[in-house]
């Protein structure tokens, strides 16, 4: 079959405990834009057991069509039945693009699917565009149009590469959570729902789930926060996060987060870590307090709308990405700022 | 002729370097400040085989050459002079004489656990009245039936109290002078063997330096190391090898001070530019680096000679010890100077390195003794 | 029990990256190390060896100089080492790499294959899972704890907000995280022994049941359109605070300017 005959942008609608996750909605947002560029539709692939009711959510966030595979094997995520199901959808519907979240599930499932259907896969993308390959015409080489150009950081965020999959379909990518924007939900939106029998078969690759152990997390997802007050090595200890950063975060309606130094050094929970090995965030305000700004950290926060950094060391790399860098002692500045913000808010309230 | 280290030595150096960075450096300041013997580091080094690097595998060691051992001491000393000397005294001064002069039974009983790092070793030669002139020993050993009875005391003993196995020198026949000295293996806990004063030192403050006291201390006859009267020869031979270890320690201190200073002058600003832009800094660093490299060549050559012939006349090891020690003092002193006021503050590593460096000009033969050995071999 | 651990030599990104004039990475200018996740995988294998007894084989695909990470692995305690190296294997993406490794592993007896979750140069985390597909093996990604019980691996598989305890029949493939454990140091004697030990070198012809069209640059579905140094957004304004309250005043003015408050 000719490559041009592959049509549609498909996204894997990751669900956990029968609830579609945020990443699926982000993928729909991006998928919709790509589909518009290509003049095609965006389709969500929803896998699970008794999962059909979630199709409505996907419609609200932009899905033109939802393919539902409902099967007991798909209740909790397992590599093999999920790989079989997605591969079967690809064989049947022949999408030109398939997107997954670069989550602990997507980064397991996508490579297995790509290996099964024999196509290329680009990991951890931060940017997806439709364009030409080669990007600039090369004499003697056909320039292909309407290709998915997938941009991703590599070498720990030191380099970026743009990847294409010119000779295979579908073009597949995993996308970092927190990078793409979901659409505003439209409660009126409807999507065509297709129930698909993937003909799942038990084989040697099946594993048995003995237990599902949920982590009880008392932390709000920092990826959802509009304002992050973030601490690093300069905080000196865990208590200072609560004493110095928390009051300011509370006043501004934000959350406290941390660099890896705080997680490894002071026992700040891993869920609050921003960076390459933590979470990618893009809040309206990211205030970096005592964070030197290792490249792995910058990779996780440099897309924030406004970055303010406080550091004693004027040569700290965090100042290279900060909109406003303040050279000074955070233990003086942050409490003083907290007091000022408090007064300011009180003034506003009085008006 | 090839000055390149082999791939094995390079990989071993990486190993020692990462161990030093990750396990030793974080404790260096605390160990110095609190004069604390770093027991946990010694235990880790034992498990990794660092405590028996040049000892053959059949005696529980790693079967590596003396150069590998010297590189280990160097890398440790780059971050912590204390840890380096503990390993050096344990290896050069306690294990080597047992390896070279011990009976098969002694090797099985004492060398194997020492090499595996299960026990720690020390060496007792110096006395209040017998320092540089080691032949003036007052400690006596008298054979009584199947036992020797030891009486006397030893001072400035590195690894004292913490060590389990001690190589101790004592007079068995005073009339014969230095030919009347014998060497013994003494176990910690032997009745009559106690510890006196713990010395408070200028540098290498985490290493334990104790007085050993022997009062009618009875040790089995089979713990005589070598033959009666062979003690002085054993001591001299041991110190020849030991000097390679101390020279490596001195080299490490110089190299470590050079490294932190090179990094420091790139960040510290005065008169609007970083210190590395000043010619005074550049020339001082050039001198520091040149002497350090010259010391390294001597140290590695002496280790290589030790491998080729452990009973060599010791000229090169004396040269290495002399030159590396004086280099360590010079380089650490310049390092403090380039740090300015901060160099005099305990928070900065070079302050400790300068204090640690001084001892390398004194112990296991002062610089003056090294000059005596070198000139003696030259003029004979 | 026979365990195969796949390892990769990677440039140490902590030291910064260098480029050739044509925009490709200048790997020779960077320090080459054993990929950290792979090292955790090797450590996991060596712990199984300590607990249950096992023969551990390390396998790498790379340039001849990747020999050094094989020596390092043996100095840590691996028993055998295989280097797959051939001009035609160069330029491989994860599809072609996993095909190459699969072709090599088909020559071996194994109960367990361990790979690192991802390499610090590519960060793709794809080779392990794709290898499991090519070999038809059950896969456990993001393994955090594991033990062996009567021919089964019991492993904790980490997710974002939970973990699954999985029971998996051997042979199977696990991918390991560097957080899994603290890899052991080499021993000095182990280093000298490792350089005396043989390393098996295989080329294209030694890969079993593998198509040329699945190997190297030719066999790679993904192609690089553009690669470059990351362009960062320019630095903003740097302000040296006179004291705490002046610094705070400054920040407040900016927060108001940007309508944060």
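As written, the chains take the letters A, B and C, and residue 1 is the first residue of each chain.
Definition applied: a contact is a pair of C-beta atoms (placed from the backbone, for glycine too) under 8 Å apart; a residue touches a chain by one contact, two chains touch by 3 or more.
Here the structure is a predicted model, which is why all the values come from computation and not from measurement.
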Label of the chain whose CA centroid is most distant from the centroid of subunit B: A
Geometric centre: closest chain by C-alpha means: C
Mean-CA-position distance for subunit C and subunit B (Å): 40
Subunit A and subunit B: spacing of chain centres that average the CA atoms, whole Å: 56
Whole-Å gap between the CA centroids of subunit A and subunit C: 22
In the complex with subunit A, residue positions of subunit C that touch it: 11, 13-14, 16-17, 19, 25, 93-95, 98, 120-130, 132-134, 136-142, 154, 156, 158-169, 172, 220-230, 232-233, 235-241, 243-245, 247-252, 254-256, 258, 260-261
Interface residues, subunit A side, partner subunit C - complex: 16, 76-77, 79-80, 83, 103-105, 107-108, 110-112, 114-116, 118-124, 133-135, 149, 153-168, 204-215, 217, 227, 252, 276, 284-285, 298, 302, 306-308, 310, 314, 319-329, 331-337, 339-341, 344-345, 348
Partner subunit C, residues of subunit B touching it in the complex: 7-8, 11-12, 15, 18-19, 48-50, 53, 57, 61-64, 68, 72
Residue ranges of subunit C touching subunit B (in the complex, touch as defined): 68, 71-72, 75, 185-192, 195
